[in-house]
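Remarks on the structure that follows.
Naming follows writing order (A, B, C and D), and every chain is counted from residue 1.
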Amino acid sequence: MLSLIVFLPLVGVLLITLLPKKFEAAAKWLALVTSVVDFGLVIALLTRFKIGSAAIQFEKEIAWIPQVHIYYHLGIDGLSLPLLALSTLLIAIATLASWKITVKPRLYFAMILLLSVGLSGVFLSLDLVLFYLFWEIVLIPMYFLISQWGGPRRQYAAIKFFLYTFFGSVFMLVGIAALFIYTGSFDMIALRHLTAGLGSGAFGTVAWWIFAAFAIGFAVKIPIWPFHTWLPDAHVEAPTAGSALLAGIMLKMGLYGFLRIAVPILPQAFHHWQLILGILAVVSIVYGAAVAFAQTDIKKLIAYSSVSHMGFAMLGIAAGTAAGFSGAMAVSISHGLIAAMLFLLVGVVYERTHTREIAKLSGVAAAMPRYAGLFCFASFAAMGVPLLSGFVGEFLSLLGSWGSAALPHVLVVIAGVGILLGGAYMLWLMQRFIFGTPSAAIEGQPEISARELTTIVPLAVLVVAIGVYWTLLLQYADPIARMLQKLVGA
Amino acid sequence: MHLNLAVNYTAVILLAAALFVIGLYGVLTRKSAIGILLSLELMSMAIMINLITMGHFVNPSPLNSWFFTIFLMVIVASEVGIGLALIIAIYRSNHTSEVDDLDRLKG
Amino acid sequence: MLQLHGVIPVIFKGYALIIPELLLIVAALWALFSERLPGGNRGAAAIAAVLVLFSGAILGCTAMNTVLFGSKLVLTQDARFGGVVLCLLALIWLIWTAFAGSGRTGEATALVCFSLAGALLATQAGDLIILLLALELTSQPIYVLIGYRHKRAKGLEGALKYFLLSILTSLFLFYGASFVLGLAHSTSYGDLQNLPAEPLMVVALLFMLIGIFGKMSVAPFHFWAPDAYEGAEPWVVAFAATAPKIAGGFVLVRLMMVLYAQIAFLRWPVLIAAVLCMLLGSLAALTQKDLRRMLAYAGVANMGYMLLMVGIANPVYVAVGWLYALFFLATYGLPTMGILLIAASEGGKVSDLAGLSHRRPLAAACLAVFALSLIGIPPLVGFFGKFFIALVGIAGSLLWGVILMVLVSAISAFYYLRLIKAAFFDKPESAEAGAQADAGAQVEASAQAALPDGADAASEEQLFGRLLQESDEALALDAAEAGQEAEEAAVAPPSVRVSRGAEFAIVLCALLVFLAGPAAGFISAWLSNPPY
Amino acid sequence: MNWFFLIPVFPALGFIALVFLSRAWRNRLIYIGPVLVGLSALLAIIGFIRYFPGRVIGQPFASLSWTLARLGGVRLTLSLGLDSLAILMLAMVSIVGFCVQLYSLFYMKDDERRGWYFCVLLLFTAAMLALVTSGNLLLIFAMWEVMGVCSYLLIGFWYKDEAPRRASIKAFLVTRAGDLGFFVALAAIWSACGSFQLDAIIKAAPQFSAATLLVVGIGLLWAAAGKSAQLPLSVWLPDAMAGPTPSSAIIHAATMVAAGIFMIARMMPVISLSHVALSLALWVGIITALFGAFLACFQTDIKRMLAFSTISQLGLMFAALGTGAIDGSLFHLITHAFFKSLLFLAAGTIIHVTGTQDMRKMGGLAKRMPIMMTIFSIGAFALAGIMPLSGFFSKDLIMEEFLTHGHPVVFALALVMATLTALYVVKAWFTVFFGASRQEKSHAHEGTLLEIVPTAILAAFTLLLGVFNQGWLGCLGFKVEMPTLQMASISTGVMLIGALAGFLLYRFRIDNDWLAKHAPWLLRATEARLYTDAVYEYLIIKPYFWVSALLWRVDARVIDGAVNGMVALYGGLTKLAEVTDSRLIDGAVNGIGAGYKRLTAVAWIVDARLIDGAVNGVGAGLKQAGGLAKKAQVGRIHAYQRAVVGAVIVLLIIVLFVVFVVLKGVA
């Protein structure tokens, strides 16, 4: 069942490549059908998922390279299920959002489906090498998406994106290899006991370095403060669907990595790193918010806001308490929904006016009232207003980090100020972009179309659902958070 | 009359080594390509001498070192053949076999 | 009546070891006189391809006794793997030449078959004399191949450089071998184990090492490679850059197996060479304009990764290290040959690859597979090569080496990406390609988005932007170089037709790279414990 | 399930009904608003009567709780509870809400986005009603922020022009700055007692550590200061007048600003445990009261005057809370809600009629709108604290509490504040209603029915609440006696002095123009609201703009550069190694002239490159390294041969060194 979810899009890719040139337009329908079926499979999985248990379900293991103990090992639990659902949903929505792609559509939709394979693979694999394999596969389609259909400086942004992530993941490779040497296994679940058994003597320092290697790999992806400079360029230059996917789900791979690999397998090393990660997280929050304030390009503003929001997730993880971990999972899901919504909305305006300069766009409320309503809804969600999912994540992360022994309380207060700054740049954007008198570019633009609405409304519904009824998300996250806290606390 | 053929092996090895170094020096300083080829031959001669003297130490019988030397001669001969062909072709195409002029490929 | 039936199996069983080489010699002779023989030049290449396939099959699959001529030729499992890899490479090359070869393909096939025979002998050599013979048989045809299009002065110059430097290093090898002969009192590898412990032995072994490094174009002795490859035709370089290096690699590993006792001091020159290779190779390749020169330096870097495995001292992991060194050589050879064969019908420069995805989409896809494999992206075979090296490297306490490898391969990702960028996203400058509107993106028609005034755009561009646009004019080019360009362009563009057969060869190579990844387990298992 | 929990649900249903409609439909269905809020007002009154006389605050007659989520194994529940304070506040909020909805029907009848106005107003009313009945601090916080969003939307309702846009952002950000305190308090409470239920918190409060108590106390006070516009965070209320008047009536007079006081009253058992928090509340309250009253006297804009008056009245309530007893502040909260919303609605009519908000242009309206004048006067005199009206009794109770709890200084300041209040009320009253009409042709006319009815209802309540206070206040379990004669006389005397001063100021036209001539510095100070805005502008907003622009340049140049600088350094080092290596070989065998020229130049390049490596980035850095690494490839065969021989020699030396020094012999 899980392998079907991972490799179904690959079938789509094969079908698309077989499409002759004149049926090029059929590619998008094929991609849409495949991604919707994939999402349907995940929903079927969701219904059969046993809630409340932290154990791995639907597990499947086949020997791949037994000489080196590498196994094709898939499994799903409360941590990966919501992320998998989000990724398949966003892939379907991205396909729908890129209906107007006319340049090489077959290659475009093949790349989107390949991205889906990579993402589902990352969230389902329980073998470190398999995880790394899918982690790298995600790089290729995104590189092609940015450098083929991107904005004016797409080559530079695409190569920068590729090299940053590759640089990080190469360190991860060294980490995986070192971990194998000391424990003799790549299985994420078994490693938890194996590393515990090694105690903290000689292995202590090595564990610190291995955690560092993993941390760099994941930090580049999340991104955490010093490694974030690729994000604004990649977002600005990526096509609408590309940046929606990039922000919506690819940033969560780093968080997932921490919660699945770094924290449970190396809890002792995690203790030493908690403070450093906490400080870096808070710096990301405040730094992202401040720099977002000075942006003149909407996409760059939202990109830096993603850096800030991811800072909250990282703070939740660094806290090491059950509330913190649940907060991190909540932020990753809710930010996925909100950031995707924001990028799709910016895409709507970009397709009409072909510019993202805030100076050139103003008074959207007068020209496109329903669009303005949705944009305000998304901005409020991003600001973390209660009754919307943004609040759930941020509140739990702060709650968790206040209760954590490793993080000083002043960090939490600064993170709180981060929320305030988050409100500042969002309001500043809304004031210039939505309100005020309509600018030349906006005058007379058609209202948001039905197709565009269908890409945004499901996300909005989910944001409200999670915001009002927290258990919808926390029933999956809480058992995992409790298990992680027990592992870290021990 | 019995010639005392007790050969002082270290002296011969040193001779071979000297020849080798002279050949090496020739390779490094000769301007013309043919000069370099000659020096290379000189170096291979040194190696052959060395091989023959080493034959003394090869225990069952020195046959192996002789085979080694003969094979070396054949190989060096074929090298010279190819080398000269190359140098003549270069000379024909840009009228010089001065090694220092041939520096178009670089960077 | 002689019991022929009894004799043949004996002969077959006994002398099966040299049958692959004999077949290759037959193929070479046929190719030499191919003008008058049926099938002509192209036919010769096709026949040679079949014979190479047959010899590879013999080496790979038949059970035969592994020692011949009193251990002059020893077929251990690694030699078998080397033979199969070399035959595979030659097979792809010959298929390509059979369909897309231009001019005197007969001679080229002959030279390649002779060189391949030499390479096979080198991997199976169990005796110093055979080693000498095999190494020279491998490289001498390549000198001629490099200088193949004698009308172009550059080709000859490259050939001469390769000739002189390669001879110099082999002479060092022979000089070292002569001393080893004296010390070990015999030429066979078996007796090399008990070398007496004296300074002369150290010098002798070092000289031999230097000779082999010269063949593998390892860092301090790699100077001939970039010039030789730039001078030659891309399809010539395809063979010249892969076969001799792989043969040299196998010889080095076999010598290390034999000289295991002296590994304590032998590993230091190997590691120094490895570091130099990685740094010099990857950095110099960054700003190369010419594809062949870039791949030459990339080859040097890849040899550096392989040498890491040879430099392991920890007794537990030494054997595994050798095994994965050989595996890595295969993962280096296939993609390099693939890229060069694609470039063969495009032209030597990286910029010639521009717009490949319009002209030959299948070839562009293959190029992407090769480049990504060389970078080390899973699920391609390159990733497993580097991953195994990382695994064994860390286990063999070479953590610093693995970290350097990891950093250098991050940098190498850049120049391999330039290949993909050229193939997929660059606009071909030539007029007739201009007709296809730039496939940049439908947004391209949009108003040019104003650069953000906040951050001065210059700093943004400075990062990679300049490197990308400017990579075509290297550091301050002097006029001579420009002159050379003009003369180069005057020569007619390679008139090689792109035929279906050639595409088949490239796709076959890409398939091997793609399928070898998941099959890495099977390959390493086959290498470590022989099935028969 | 108790019917009275439907009270917050009705407006919420209204909001959901209206929000998804298109603009045209929404404008047609605005009547849903008053109907639904009227319904919940009716329910609230029935509830009040049914549960009257109620028990002590805190014991709910009926409660409703549901699990929001499981957090680390602990159940996170939300709950609604109907206790005596809740039913009282429900009644007040729904009645005032109903009156404002009615009035808005008139006020917004020709605005083409009135549908959206009613929609947000419904959401706001629902949020306030839910906050009042909530028995859970997290639910209070959630509704607290939703109200903040509604006030942002309502203040910025007329988004086309600049002032409302800036005011709405200012209001939202300042209140969210306050909410930061609430966040920290919630976090502290959760880690201290693991639940947000009010009763659980109050039961566990005595066991809290002193630090937690302090953090919770100050956090909640900071949040209340943000919401109820107390001094450090009072800057947003005067600007919030840019929104439609009826929305200001309910938000910035009766409910939202009162929410801060209500929350502190609810949490008083916890806050009173930390004396620091109480005294802080006391002094911040009384200073804000004085600040508000003082500035109100100088305002020419009628709505801004009312805003400052609200700030001062809230300050008084805040100070009353500071004494630890909540009965005085709650009583004043209820009465203030009625007469202040009455004043705002009446002011709305006056503005609508005269077309301007500037009192100096008004005058002589008494004759033209007698009914509105009487209604406005009832509200104004209640604010001033004249005998029979409710304002007098609630203010008196607070004054007594100051005395009984031993705060004589605060009592004196409260008296000063009372006089100032009387002053600006009477001055405004005279300028607006008496004297010649200062407008060219004043077409002022009597308010329409839709204006009169709601304001009349509010006026009625202002009258009744005062006289029968023992009655309805008793339901909260407070024993409220009539003010003692001595106390009543002091406050009336103080009020008369203020009124007289107000009349004199009006009579002799001592207003801003006079001030301009005689005390220009005072005028500038009051216009700049005693420079509180300036403090924010120069201490927080301008530096923040500058810092973010700086960080943006830093991010683009240095961080990128630094990350790339590392690589340039790495590139530099490798090149250094190679250069020495190749120079050694060439130099050792024989120097080549050209080679030297280039190699010596490298030394200069190396340090130039290393120093500004951080700036030129990985591309250039690597390119330098790559370019120079290429330099070793000079193209001449001799150079290569020498390099080979040199390398042989170097390797030989190294290996021999390793063998004989490191390994001590070959064995």
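Rule of thumb we're sticking to: contacts are C-beta pairs under 8 Å (C-beta built on N, C-alpha and C of every residue); 3 or more make two chains touch, one makes a residue touch a chain.
In this text, all values refer to a predicted model and were calculated from it rather than measured experimentally.
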| item | value |
| --- | --- |
| Lowest number of touching-chain links that must be crossed from subunit B to subunit C | 1 |
| Identity of the chain that, by mean CA position, is farthest from subunit A | B |
| Chain nearest the overall Cα centroid | A |
| Between subunit D and subunit A, distance of the C-alpha-averaged centres to the nearest whole Å | 32 |
| Rounded Å distance, subunit A centre to subunit B centre (Cα mean) | 66 |
| Inter-chain centre distance, subunit A versus subunit C - centres from mean C-alpha coordinates, in Å | 40 |
| Intercentroid distance (Cα basis), subunit D paired with subunit B, Å | 92 |
| Touching two or more other chains - residue numbers and ranges from subunit B | 27, 36, 102, 104-107 |
| Overlap residues in subunit A, where contacts from two or more other chains coincide | 163, 294-295 |
| Junction residues of subunit C, two or more chains touched | 160-161, 164, 168, 226-227, 288, 407, 414, 454, 460, 463-465, 474 |
| Chain pairs that touch, as defined at the top of this document | A-C, A-D, B-C, B-D, C-D |
| Touching residues on subunit C, where the partner in the complex is subunit B | 128-129, 132-133, 136, 140, 143-144, 147, 150-151, 153-154, 156-161, 163-164, 167-168, 171, 174-175, 177-179, 181-183, 185-187, 226-227, 230-231, 288, 293, 474, 480-481, 484 |
| Subunit C to subunit D touching residues, read off their complex | 160-161, 164-165, 168-169, 172, 197-199, 201-203, 206-207, 210, 214, 220-221, 223-224, 226-227, 262, 264-265, 268-269, 272, 279-280, 283-288, 407, 411, 414, 454-456, 459-460, 462-467, 474-475 |
| Partner subunit A, residues of subunit D touching it in the complex | 23, 67-73, 76, 141-143, 145-146, 149, 152, 156, 159-160, 165-166, 169, 172-173, 176-177, 180, 183-184, 186-188, 190-191, 215, 544-545, 547-549, 551-552, 555-556, 559-560, 562-563, 618 |
| Parts of subunit A lying in touch with subunit D, wherever the complex brings them together | 163, 226-229, 287, 290-295, 321-323, 326, 365-366, 369, 380, 385-387, 391, 395-396, 398-399, 402-403, 409, 412-413, 416-417, 419-420, 423-424, 427-428, 431, 434-437, 469-471, 474-475, 478, 481-482, 485 |
| Interfacial residue positions of subunit A with respect to subunit C in the complex | 64-68, 70, 100-104, 129, 132-134, 136-137, 139-140, 143-144, 147-156, 159-160, 162-163, 166-167, 170-171, 173-174, 177-178, 180-181, 233, 239, 294-297, 300, 354-357 |
